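Paired with subunit B in one complex and with subunit C in the other, subunit A is shared by the two complexes that follow.
Up next, the complex of A and B:
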């Protein structure tokens, strides 16, 4: 089965086609930041170059975050629309899982860290297990100082990966024993996305397009208090 | 806090242009005032001063309109009038728009001011006795505006009251 992977959780746009033999093709660009203008042409280009017709896909995999709203909504909306039109299921995978997965041979704890903007980070810890990585903490949103404190409390030698880790490298490293993964691993990529999704597809662990939800890490919702303006509404 | 008096639509545009001249990447400007107070008119004057050539229209139904400027900045004009929850406001991702070389003008943003961080509040009030005139009150929150306050005062001096 062929799977189309769509990854837009950070400023990067990444799309890949995967099958039982692995990743067949991938397109990735992190300098542009107009996800809406890049994503569909990237899918078209990739399909044309890999000689894949769009109706050959058996599932669509998307990164469900946590990530930046401006990118996430483009990737999720495009993935849902294509899956509904093609009548195929979807597979959602967390951005932090995708960051940690390429470091599965690291043989130590991995901190996956995404830049959430406004001085905040999305992060979670992982440990390598045979065939992949296992998340050992709930994903949280916090500041660099919070992550630095978590690292110190763990007292382990940790490898940090992600654009958030690199942006706040000095604050995070202060006092804790940690290394930082390379910049080319700093954005979640559609290559591990289709690889992980393929394993799930074999187990038929998928969802309907209308059921897939982004993973938001934010305060509980509240009504806007419009009564503060007497004549509003 | 700065109290200004616009005697005409042209004055409102001129005050908006004066603020546009001191604005920079990452600025959030909240436009407050009742229906017809001139929030969108202010946005037009502001955008034209930044060199936006497209027509600037009300974003009430489309939530956010984005305009390119010749100076590489993007002007985002948003309106939360139709929104009812904090999560809907969060979905606009204003902080991300600001970080991407953006300036955001946010209509009705005063009702969610506490969740916004540093911003300039532009309060527009119609005058019941003079349909062309507006009272415009500026107040800044945060250091980014405090350090520019004397320039804002100087740039709007002729409209002070």
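Up next, the complex of A and C:
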């Protein structure tokens, strides 16, 4: 089965096509932050180059966050619309799982850390297991100091990965035993997304497009917008 | 995709997510509403007394797929009959717009049909055509909503001239703020409308700003005098304040609309936008049209408030005039109506 993977939860736009042969093609751009502009042309380009017709997809995988809300919704809205039109199921995978997965061969605990803006981070801990990683804590939102305290409490060497880890490197490392994964692993990518999704598809662990839910982890900021409001009745 | 024929059999799916209504509709040939599904989020925002952008965006993501499904099911046609997907690209709330735009472009790519980006204000101008395709140009449209108060001359499809607009608050914004001040709840338009039924519109002589002065509007002074009056007379009847305030807004709107229609020799005067659901405005609008011997057109309340049928209609006209919009289009929160110089 061919799977289209859509990843827009951080500043990167990433699209991949995968199946039982692994990742067949990928498009990724991490500059510009033009998620809505880039995503659909990227899908079109990738399908053309990989010689895949859109109706060949058997499932659509999306990053459900946590991440930047507006970007996340671009991928979710597009993925849900395509799945509904094609009448195929969806597979939602957390951005933190996608960050941790490429470090599955590490010999220690992994902290996946996404920059949540407003001085906060989304993070969770993982441990390597045969064939992948296993999440060992619930994803949370907190400050760099909270993560640093969590790391100290663990008292073991941890490898931190993600744009949040790199941005708050100093605060996180203060006193705790940790290393940092490289910049090229700092954003969740659609390549691990289609790999993880394929494994789930084999177990038929999927949902209908109207059932997929983003992982916001933060309540909406209840600031009212008077100026751009258009449709008062 | 270029070189497509756009005719009276062309079926357009419209999508609208610019503010607090999630909507999808199918319109054939630019005028014929085949189906129209609207889900309003008004209850989600009521406790905040205004639209909260992040709450709106989250709700659009949940509601859009069901609205699209409903529009297609109610139309009783197969998806393969859909010839184009039109969606509001602005103006509106950026996060809200992006949900619709992303879904619309994804559908267009999946079905292999053109995508058309639609200006929400232009779509409001087209709402009247959905109910009366015999309207003739030039038309004057009084567009009143929470974000806009404008008098537009429609010389032809796509040819618009701005005759007047608000220099401060939009009329709908004034309704919301006064309703909030009077503790009448949200949204302000219907709340004032209801309360005013019990009051005397002549009880308080609120100012009619710039009534005899050009075709522009100003509502911020009126809002201030309502607040001053209530502070000075704390035991005043809220119903009288609501009725007198509403009468002051409506007087100015209809007087200027009539004057604008006469100035350009319009063959029709059309009311549009969310505030056009107000009952006093509807009544007075029709009476000034009769007095002035102008052909007035009052769309139904469903067509005045945000809906996707008007998006599909405007999309059909844009597709015919300009062809498809490229798939790398984004959303434009401050998009303006394309005006003639």
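Methods note: the second predicted complex is superposed on the first by the 218 of 233 C-alpha atoms of A that agree within 3 Å, B and C clash if a C-alpha of one lies under 4 Å from a C-alpha of the other, contacts with A are read in each partner's own complex, and residues count from 1 in each chain.
Assume a contact is a pair of C-beta atoms (placed from the backbone, for glycine too) under 8 Å apart; a residue touches a chain by one contact, two chains touch by 3 or more.
Just so you know, these numbers come straight off a predicted model, no measurement behind them.
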Examine A:39 and indicate which partner it touches, taking first as subunit B and second as subunit C; both and neither are also allowed.
second
Check the residue A:223 against both partner chains and state whether it touches subunit B (first), subunit C (second), both, or neither.
both
Should A:70 be classified as contacting the first partner (subunit B), the second (subunit C), both, or neither?
both
Would you check which partner chain A:85 touches, where first means subunit B only, second means subunit C only, and both and neither mean what they say?
second
Thinking of the overlay built on chain A, is A:118 touched by subunit B (first), by subunit C (second), by both, or by neither?
first
Is A:210 contacted by the first partner subunit B, the second partner subunit C, both or neither?
second
Tell me the contact category for A:20 with respect to subunit B and subunit C: first, second, both or neither.
neither
Between subunit B and subunit C, pick out the one touching the greater number of residues of subunit A.
C
Doubly contacted subunit A residues - partners subunit C and subunit B
69-70, 73, 216, 221-226, 228-229, 231-232
Complex contact set, residues of subunit B against subunit A
34, 80-81, 83-87, 89-93, 95-97, 99-100, 108, 110-112, 117
Please name which positions on subunit C make contact with subunit A in the complex.
18-21, 48-55, 57-58, 60-61, 64-66, 68-69, 79, 91-95, 98-107, 109-112, 120, 145-148, 170, 172-173, 175-176, 187-190, 274-275, 277, 305-306, 327-331, 333-334
Of subunit A, residues touching subunit B in the complex:
33, 68-70, 73, 117-118, 216, 218-219, 221-226, 228-229, 231-232
Where on subunit A does subunit C make contact in their complex?
34-41, 43-44, 54, 69-70, 73-82, 84-86, 209-210, 214, 216, 220-233
